[in-house]
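Two complexes are shown next, each including chain A; its partner changes from chain B in the first to chain C in the second.
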Partner chain A sequence: MSEPVIEAKVLSKRYGQKQAIDQLTLQVERGSVTALLGANGAGKSTFFRMVTGLVSPDSGELTVLGRAPGWQTNRQIAYLPDRARWYKQYTTEGTLRFGEQFLPGFDSGLAKKMAEQMHLPFEMPVQGMSKGQEARLMLILCVCRDVPLIILDEPFSGIDGASRAAIMDGLIDAISERQQTLLLSTHEITEAEGLFDNVLFLSKGHLRFSGSAEALRAEFGSIDRLARQLSEEEQL
Partner chain B sequence: MISDNGKKLFFLPLICHEFNRKRWTRGTGHRSIWRPTNLIFYGLIAIIVLFLLNNKTHFHDLGLIWNVCWGLPWIAFGISIGAIRHELRQDTVGWWLALPYARLTLISSKFWAMMLRSVQIISVIFLAIIAYVAMALLLSQSGSLSAFLHFLQRGIEPVLLDLLVLPLMVSSGLTLGTIFLTRWRHALNKFWVLWGLFWFFFSSFGGYTFFLTNGQTFFFLISCSLIIALLLLIFSAWLLEHKADIQ
Partner chain C sequence: MKAYQVDNLTFQIDFSQPLYEQVLMQMRSLIAKGAIGLGEKIPSVRDMAHDLKINPNTVMHAYQELERDGLIEKRRGQGTFVTQSGSRIQQFRNHFAADYTQNYLDKMHALGFNLREINDYIKTQQSGGLSQ
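== the complex of A and B ==
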């Protein structure tokens, strides 16, 4: 295994009474597509927020691209936050200009091409767009960046089937052209599992299971089946 | 303007991004219906007040209108709290905090944007008052150019004071808004009690009068407000860096 792009050692984070991350130790392989799976409240989004420096761990050690996470490392990370919405006053055009102005490595040519492929209206403000269109626009902001690490937290959440397919196609196009690490969380495992190289299962803030997607598929038939099995065991 | 490794200038566009943000209300038709309705409503209120003033006082003490200025810094305070809280309410806080810029840069861009917004609001109110009074004096039998100039002269001090305390009010609002993003938000109810008590005692012991009548203290107050504003911005950046608690 090459040098990991993310390395967490005995990481813990508590929100009041809730232990969001509990002694979490994991590595994310460079250049891979890694899925971070688990039920709601398993700690996936908290982990992503730690990786992007939005929250600090209570204890443990976390390195991202070889250093402690913070605004400096965010220059090299494209991050789609969980339940995120985009600024309502922006049009597609304005959003691409935002990317160009503020997001290092943003390829506005590629972004424009993707926006056309995804049938996004250029003049319409986000306020008038459907949730699917808004989600596609936010995805473009992330995948059109030439950065070593892309993090997508539930990119398909609340999106209809057609938009989901468009997002998936956009994702495949973008990552196949660059040597980037893609770390994503999703509950739509059946549709997305073809993308995965590695899988990490979180449960109650700690790592329950990890392995290569290929090996897990060979053993359990599909990642989705394994996820359901783990979820049932958790409920018992 | 700050240079990002000498390649891109981003601070001014960041201020523009913050300045152009509008308060978004759920439901697309909301703005378009209420804006003209509000305009008509407040227009009618202004005309009614104008005629009542004319009948009752014949515009003898129009200078009282400048008391409006005491409330204007609180508008700046409110919109500055909103500048941070809207990031949370509109689910854009993740985008904002993941921008690859130092927290002090992010908070400073909001500071300048809110300063500009507040100056814009104060200017509009200032012009509206002048237009209103000019109209009132035209209607009045006792209205004259000298009365109008006297009225303007009385307004300079409160408007100037408004502008000078803006940095303090904006940075206080931003700090308070930032606290909502941290684990310290649970202590905010205590803060509001202390805040209320402070202003109660400040006005009870003649704080306003003291600062307005003592020229040297007035400038001392302004210097203090600028220094405190800077310290509050640094404190807010520190809070975002070390105490942010976004769930």
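== the complex of A and C ==
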């Protein structure tokens, strides 16, 4: 296997009483679509924040694109944080212009095409948009970038069926057109599991289970079912 | 199990089974039984991925295997087409038919049936199955 895009070795992070990340060791394979799954509070978002250098671990070692997380790695990462919001006064058009000016690797032609396919109103400012429209706009800012790593934290949450389908279409296009690594977390597993190459299950801040999606399907059935089973066991 | 439509073709995708094999086996079947005719264009990797909601790489790998089977061929800038060669497809069908038949015979022999009894089973099954 080529050098992984992300490699975590015995990472730990504590917030007050809570052990958010607990001796986490994992790898994200280059060029894969990797799903980071687990219950709320399992440590997924904290891990993404570590990868993007927003949070530093108390102990352990983290390598992203061959070095420690920081500004040099961040320009090679397109990151959609959980509960992300965009500037209220920006229109779709203004947002795409922003992307072109400030985001490394931003493909404004592709972004425009995706915005049309996803039926985004061009002249309307974000404050007039629905939650789903705003989410699609932010997703476009991430997936239209020719960078080695795209990280999406819950890209489907709180978004209706039609918008989810549009987001899936956007992700499928991003995967077909470039050899990027896509790391995403989601609770809407049924929706997205056809995309997964690899699956990592977090539980209470550590890696509970991992494998290739196809091998897990052959052994346990759908990833959705496996995730439910693991979370039920956790509650016992 | 859920049915998906890609152009005028129907696929059954079951997310509790490996996806690569499902795409491969169903494409083989569509070509073997002539649902996609000789020399006909097959759906693009992108269209398959969009309509089946799966990773385009999964579709690509299945198509590569179909190419090795000799069932499809890529034409630069035009897309991917079923082979023009009817004999190639016949050869493929024969190969699998022999395989499946041998498999069936092995299982029946393992249960202690002889060829005459096996024949009777096939005839009974064909005419509506064994009555209880």
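Observations on the structure shown:
The rule is short, and it goes like this: the second predicted complex is superposed on the first by the 236 of 236 C-alpha atoms of A that agree within 3 Å, B and C clash if a C-alpha of one lies under 4 Å from a C-alpha of the other, contacts with A are read in each partner's own complex, and residues count from 1 in each chain.
Everything that follows uses one rule, which is that contacts are C-beta pairs under 8 Å (C-beta built on N, C-alpha and C of every residue); 3 or more make two chains touch, one makes a residue touch a chain.
Predicted model, so just to flag it, every value in this text is computed and none were measured.
On the shared subunit chain A, the superposed partners chain B and chain C are arranged side by side without overlap.
Of the two partner chains, chain B is the only one touched by A:56; chain C is not.
Applying the stated contact rule after C-alpha superposition, one finds that A:102 touches chain B and leaves chain C untouched. Measuring from the middle, so to speak, at the Cα centre of chain A, the directions to chain B and chain C differ by 160 degrees in steps of 10. Once chain A of one complex is fitted onto chain A of the other, the partner contacts of A:110 are absent, as it touches neither chain B nor chain C. Legend: residue contacts after superposition of the two complexes on their common chain; A:196 is shown touching chain C, with no touch to chain B. When chain A is checked against chain B and against chain C, the one touching more of its residues turns out to be B. When the shared chain is aligned, chain B comes close enough to touch A:89, but chain C does not.
Once the two complexes are laid over each other on the shared chain, residue contacts for A:79 go to chain B alone; chain C is not touched. By the touch criterion stated above, A:39 is placed in contact with neither chain B nor chain C.
Of all C-alpha pairs linking chain B and chain C after the chain A fit, the shortest spans 27 Å.
No residue of chain A lies at the contact with chain B in one complex and also at the contact with chain C in the other.
Residues 13, 15-20, 45-46, 49-50, 52-58 of chain C are the ones that touch chain A when the two sit in their complex.
By the touch rule above, chain A contacts chain B in their complex via residues 15, 20, 46, 49, 52-56, 70-72, 74-75, 77, 79, 81-89, 98, 101-104, 127-128. Across the complex, chain C is touched by residues 33, 168-169, 172-173, 175-176, 190-191, 193-197, 214-215, 217-218, 221-225 of chain A. Taken in their complex, chain B has these residues touching chain A: 4, 8, 10, 13-14, 17, 20-22, 24, 28, 90-95, 97-103, 241-242, 244-247.
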